[in-house]
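Letters are used for the chains, namely A, B, C and D, taken in the order the chains are written, and counting of residues starts over at 1 for each.
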Amino acid sequence: MAGSTFGTLFTVVTFGESHGPATGCVVDGCPAGLSLDVPVIARELARRRPGGKGPAPSGRKEADEPEILSGVFEGKTLGTPIAILIRNTDQRPGDYDGLRDLYRPGHADWTWEAKYGLRDHRGGGRSSGRETAARVAAGAVAGVFLASYGITVRGWVSSIAGIRIPFPGEAGFDSEEAEKNPFRIPCAGYVERVNAALEALRQEGDSAGGEVFCSVTGLPPGIGEPVFDKLDARIAAAMLSIGAARGVAFGAGFAVSSMKGSENNDAPFAVQHDNAEHGGAGLPPGTLPPGVPELSYRTNNSGGVLGGISSGMPLEFTVAFKPAASIRRRQETADRNGAARELVIEGRHDVCIVPRAVPVVEAMASLVIADLILMQRCGR
Amino acid sequence: MAGSTFGTLFTVVTFGESHGPATGCVVDGCPAGLSLDVPVIARELARRRPGGKGPAPSGRKEADEPEILSGVFEGKTLGTPIAILIRNTDQRPGDYDGLRDLYRPGHADWTWEAKYGLRDHRGGGRSSGRETAARVAAGAVAGVFLASYGITVRGWVSSIAGIRIPFPGEAGFDSEEAEKNPFRIPCAGYVERVNAALEALRQEGDSAGGEVFCSVTGLPPGIGEPVFDKLDARIAAAMLSIGAARGVAFGAGFAVSSMKGSENNDAPFAVQHDNAEHGGAGLPPGTLPPGVPELSYRTNNSGGVLGGISSGMPLEFTVAFKPAASIRRRQETADRNGAARELVIEGRHDVCIVPRAVPVVEAMASLVIADLILMQRCGR
Amino acid sequence: MAGSTFGTLFTVVTFGESHGPATGCVVDGCPAGLSLDVPVIARELARRRPGGKGPAPSGRKEADEPEILSGVFEGKTLGTPIAILIRNTDQRPGDYDGLRDLYRPGHADWTWEAKYGLRDHRGGGRSSGRETAARVAAGAVAGVFLASYGITVRGWVSSIAGIRIPFPGEAGFDSEEAEKNPFRIPCAGYVERVNAALEALRQEGDSAGGEVFCSVTGLPPGIGEPVFDKLDARIAAAMLSIGAARGVAFGAGFAVSSMKGSENNDAPFAVQHDNAEHGGAGLPPGTLPPGVPELSYRTNNSGGVLGGISSGMPLEFTVAFKPAASIRRRQETADRNGAARELVIEGRHDVCIVPRAVPVVEAMASLVIADLILMQRCGR
Amino acid sequence: MAGSTFGTLFTVVTFGESHGPATGCVVDGCPAGLSLDVPVIARELARRRPGGKGPAPSGRKEADEPEILSGVFEGKTLGTPIAILIRNTDQRPGDYDGLRDLYRPGHADWTWEAKYGLRDHRGGGRSSGRETAARVAAGAVAGVFLASYGITVRGWVSSIAGIRIPFPGEAGFDSEEAEKNPFRIPCAGYVERVNAALEALRQEGDSAGGEVFCSVTGLPPGIGEPVFDKLDARIAAAMLSIGAARGVAFGAGFAVSSMKGSENNDAPFAVQHDNAEHGGAGLPPGTLPPGVPELSYRTNNSGGVLGGISSGMPLEFTVAFKPAASIRRRQETADRNGAARELVIEGRHDVCIVPRAVPVVEAMASLVIADLILMQRCGR
C-alpha cells in the first residue's frame, strides 16, 4: 500500500509514471534552517539524466528541471514538507502502443497486472527507472543535511559487463576518475576496454549488468538501530528497492562465508593523537557518550557496521545490478490472451544502466543515513 | 528507537537480554481464527536451540519452553496480540565478568556503548544471538498463517567453512537430507568433509562462516509493494537484521553483474493444462484479477520476484554469514580505559552458527511474507 | 517530523505554505481500478474555497484548480501514488510584511518559532487554513473509494456564533438545506438569525466559533482496530488535527458524563425483515463472518462505535471550533524583540470559518475510514 | 491490525485478555540511562487497581505485581525494549459462562464478533478495562522519562454522576485533595455528596459517568508536530482509545464555539524577571532556538497548545466518560441465535470507573508527550 513512502523520520514519498505528466517527491521531516536551492537538486539530477553521461545514452531527452513547491523560505528549509516537481517533457507514449497487451521478459509487466489488475504500459509506468529521478532529488536534500555533519556518500562502478575494476588500495584505482568517464569507473586504464565491451553488446542488441561500490565517510559511530533497523539492514532494503538490484553485501561481502573468525574480526584500538591517520581521530566533542573512549579498527572487514551500528570506519557496501531487461534481440514471451509471441524491443534503451545507478545508490544511502541520524538524535 | 519492532500489519516486537530473566515477543496483527498451540512454537525453537542440533553445540543448555500469554482462546487466534514468553534458565553471567570493561573484536560491544553510553555486557546483552529465539517463536506464528495459503518456507546450508554444497538440480542434492544432519546441508556425501573442517577449526580455537539458501514455494503472484516495500527489499532488510549476516542475493545473485540481458531475462509463457508441471498451474481461483492470464517462466534467474512483486515462481535467495566473532584464539583489543589488551574468549561458543541460523532465516522470511500478504489483501 | 503524513495504508502527505508557489498532496495506498477525474476533486475544493460560499467570504480569490500528476491512467486509479497539485494564484505576501516580527494572539506564530527557530510569516505559512485545501483534495479521493462501499460522509454546522441549530429529529431540521445556505446550517428558519449575528461581529471586527456535526452512513460493522486505533480514536485525532478544532465528542457526547448506564446503553436486537427500517438490514452478504447474526440498536448514544469498532449504526460526532484568531479589533501582543506591541490585523479574513470547515471535517473522516477499511480488509 | 501498538518513537504494545494468563506491555524506544525499578511501576498500578481506591470497589482482587523482563540492567534503562509482565491471579472465567452467547448492551461483544468472527467472552477479553493495567505500567516508564524534563502530568475527577466539581481558581478547589478521597475529586467538600449519589446508584443496580480533567505542567514550548501529529490531535486519539471515553476538549473546550475571537485569543507577552510568576520564566537554557524570545500568555483558553505545538502554558484538557455498561438492572438484548433475551449482569463491577480512569488518562498523556519530545529532539 504505502509502498512509495520511505523512512521513519526523514521520510520521502515519490510519485509519477514514466510517461505521465510529472514525477516528483515530498520530503517530510527534514530539519529546519538548512540552506537549500534548486541548483543543488538539479546537479544530482543531471548525474542520472537520460541522454546525459553514461554509455549508450538513452535517446530520451529530459530537461529534468526540478521545481521546489514548498518547505523552503528565503533559501532555508522550514522543517515542513519539501515538495519537488519534475515535469516529464519528452514522453513518447506512442512508442509503447505495441506493448499494451504484451508482457516483456525481465520486466514487471505481468507481476504488476497480477497485483493490481491493470497497469500503465507506457515505458513500464511506475516500475520504470524514471521513478529514480524523484529519489535522486530527495537524496540531494538528504545530502545537504548529511553535509552539515561532514558526511560524504560516494559511489562508483566496481564491475561492469563482467570486467572487474580495481578497488581502493589496488593498482590503478583513482577515486577522482569515476566522475570523469562515462562509465563512472575509478580507473582510467579500464575505460577503453569497458567501452569496447559495451559497444560489442550494442551491436548484438544486448545489455550488460554490473556492480556499484559505495563508501560513506565521516559517519559518526552510534548510527543504526538494533534489532530490526540495523544500519546495514536499512541500507540493504534501500538498495534492493532499486529496480535492477539483485544483491547487496557489506565490507568483505560474500567472501566472509569462507573466512575464519581470526581472519574476519576487525581488531579495535584506542585512538591516540599519533594514530589519527587511522581515521578514527577527531570526532567532534559530544559524539561519544561520557566515559566511552574513542576507538578505531585495524581492518574494516565489517564494512563500517558492527551489530547494526556504525563503527566510525567507512560504511562500505557493494550492490549487484542485473543487465537491462529491454534488449533489441528477439525474445519469446506471452500476451494478455495467453498466446505465445515473439518480441523485439525498439525504442530508446541503455546498453548498461549501472553508471546511471550510481547517483541512485548514493541517494538511497543518503536517505537511510539521514533517517537513522534523526533516530539517533532522539535517543540521546 | 523502535528498532525492535518489525512489520507494518503483521508486526512483531522482540524483547530480552541474553542473560536477563527472559526473552520473548509480541505478535500483533495475526488474523483471527487460526489454530495455534505451544508445540508448533516449541518445535521451531528446538531447531535453533543451543545444545541442540548443530555442530560444536554451544555449552549453553536452554529449555526454550515457550508460554503463550495472550491472543489465543480455546486453541484459536483471537486477532489480538500474541505474547510469547521464553524464560532464560541457563544464565551464567559470572562467565562474563572479565568482559565488563573489554570491547571484543567483531562484536557490537563498543558500537553499542557509542550509541547508548552503557550496555549489558553479559553475553552481548541484546546483541546476542539469543534474541533470535524470539524471532523464531514469532516466525512460527507467521508460518501457521502462511500454511493456510499453502506457502512453504524452507532453508538449508549451501556453503560452510568454504565448502560449497550442491544446489537443487546438481548431483547429490537432497532437500530431505538437510534436517537429518547437524550441518543442515542437503547432501549426505558432504557431511564427513564438513565435519572434519569444523573439527580442525575447533582445535585451532577458530570459527567458520557460511551461506544459507532459502526457497519459498506456493507464494502466489502479486505479493510485494512497489516502490520501497518490494518483496526483495523487505527480505533483504530482514536478512541483514540477523546479527552475523553480511550479504544477501536473489536468484542468480551477484552473477547477474556478468550476464547479458539475453541470458538473464526469464521468458514467460502462458500456463496451459499440459505444462502444469512448470509449477505455474493450479493457482486458486481468484488469485489473479479478472482478465489477467496465468503465466509461468522458463527460467528463474529473477529468484521469483520481478519489479519487487512475486512472479509465482519460487522465491529464492542466499544469505552470507560471517564466522562467529567469539573465538578462543588470542586477539588484540582495547578496554574502556583506552588501553590495549589481549583477549582469549573462554566459555561456550559455536564453531559455526550457520546451521542454527537456518530457522532464523526461515522465520524472518515468513514474517516478511505474512506482512506483505496482509498488505496485498487490503489492496485488492 | 513526519507530521504531515497521515494514515497507515490509505495514506496522504500534504505540502505547501499559504503563500508559497503551491499546495497539494500525495495519496498513497488508494486501491487500483477506481474511476477518478479532476472534476470530482474540483467539486470538493469549491466547497471550501475562499471567496466561495460561506459568510463574510475571505477576500482571497483562489481558482483552486487541481491537477492530477500521477496515479491515474485512462480514468482509473493505478494503485500508485496519486499526486494532486494546486497552484497558489492569489498570493499577496506584501500584506504580511508588518507581521514578520510580530507574534499574533491565537496564532501559532511563536510556537512555530519556538519549535523550528524560523517560520514563513506570510499568512501563517503552513499553519494557515490554506493547508486544508490539500486535505480536501485527498478526501475527495477517499470519498470515491468509500462510495464504492455505499458509505456517505456528510457534515453540517450544528452551532454557530452561540446559536444552536436543530439536530436530526428536531423541528426544523432539514439535511438538504445545509448545502443551500452560506452557513451550512440544516435549518432554513435560522439563516436570517445567523446572518444577523455574524454581520454584527463583522461590524465589531470580531469573529465567531461554532460546531460541526458529522454523520457517516452505510459504514459496515467491524471497522476500527482495538486497542489504540479505535475508530473513534482515529477520528478524534483527525478532527483535532484541523487548526481551529478544540474538542470532539461522539454520539451523546459530553452529556454521557451525567447519564446513568441504564439510560446510556444502546439495546441491541436481531435484524429481521420486518424491522429493516431500523437501518441494520440489508448488509451485503459476506459483511459479517459466518455464524454472526446481524444486529441493530434501538438507540445510538454510542454514536455508531462500540469498543472502538463500528456497530453498523450511523457514526456521529461533533467538533467544536474556536473563533478565527485573526480579528480587526486592537489586540495586545509581543514582537521578536520581546517588546509589547499593539496589533490591528487588516487584510482578508473570515468572520467565521466554521462553514468552510465542513468539507475539511468530511475529508478527514473519509481518510480515516478509508484507512480503517483497508485495515479491516487485511484482517479478514 | 497493529492496533495494539502505540507511538512512533517512544512506543508501547500491550497484550493480554482479561481472564487470560497475563497482561503486560513492551515499551520500545525509551532512552538509555534512566533509573527504573519495579516500585515505580507498582505504585501507579496500585492507583488503578480493582479493589483498591475508588468507589464501589470491584470485587476483583488483583495483586498487580509487575515483573520487568528486559531493558533494565543494574537499575538503568538500556535503550532496549522494556517488557513488563503482570500475571492475572484472580480470574473467575466461570462467572462469565452465561455470557458466552449473549451480546451485552453497551459492550463490544457483538462489534468484536462482527470484526473477528470470534471473541474471548470472559470479562470482555481484550476489550476489558483490564487492558489498561498494561497502559499504566507503560505510562510509569514514560513518567520517569518526563520527570527528567521536570514535566508533571496530573489528573483528577472534575465531574461525576452529574455533579460538577470546582476547577482550579474556584472556591473549594484543592489539588492535594484528589488523591486523598476515593473519588479523586479535588474538593473535600463534595466527597459526601458524591458518595451519596453513587450509593443511590448502587442500590438501583445502575452506574455513573463522569469527567477527568488533566493538567500537564513543565512542558516546554515547541512540542507537537504539525500538521497531523499535533500535540492536541495525539492527545485526543490517546484519550478516545480509553474504552469508556466519549469526548475530549482542550482549554476552554466546547465553550469556544460560543466565544468571540476577542474573548478567546490568549494575549502573549515577553517574559521578564518581574513577571516570572506567570510561569513562563526560567525555561532551561537551550529550550528555545537562538533569537526567539521567551513568551508567556495572559490567559490559557488554548489549553497550552497553539497550532498543535505546546505554548509553554499548562496543557489542559477534559475527557468525558460514559457510565459503566455493566449494570445489574434488567436489560433487553440479543443472543448469537438472533433471539431476544433479557439480561441481568451479576458479578463484580464498579458503579463508576471514572476515578480509576485518572491514572489511565495520565499514563496515556505521558506516553504521547514522551513520544513527541523524542520527535522534537530529532528535529532540532
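Heads up, the rule we're going with is that a contact is a pair of C-beta atoms (placed from the backbone, for glycine too) under 8 Å apart; a residue touches a chain by one contact, two chains touch by 3 or more.
Since we're looking at a predicted model, the values are computed, not measured.
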item: Pair joined by the larger number of C-beta contacts - A-B, B-D; value: A-B
item: Identified repeat of the A-D interface (over half of residue pairs identical), from C-D, A-C or B-C; value: B-C
item: Gap in Å, rounded to a whole number, between the CA centres of chain B and chain A; value: 26
item: Between chain C and chain B, distance of the C-alpha-averaged centres to the nearest whole Å; value: 45
item: Between chain D and chain B, distance of the C-alpha-averaged centres to the nearest whole Å; value: 39
item: Multi-partner residues of chain B (at least 2 other chains); value: 1-5, 8-9, 14, 29, 32, 79-80, 115-118, 126, 226, 374-375, 378-379
item: Residue ranges of chain A touching chain D (in the complex, touch as defined); value: 8-9, 29, 31-32, 79-80, 226, 374-375, 377-380
item: Residues of chain A touching chain B in the complex; value: 1-6, 8, 14, 103, 105-108, 110-118, 126-127, 131, 159-162, 201, 204, 206-211, 221-230, 232-241, 243, 246-254, 256-270, 272, 288-295, 298, 301-303, 305-312, 320-327, 329, 331-334, 336-340, 375-376, 378-379
item: Partner chain B, residues of chain D touching it in the complex; value: 1-5, 7-11, 13-17, 20-24, 26, 28-29, 32-33, 67-71, 73, 76, 78-83, 85, 115-120, 125-126, 374
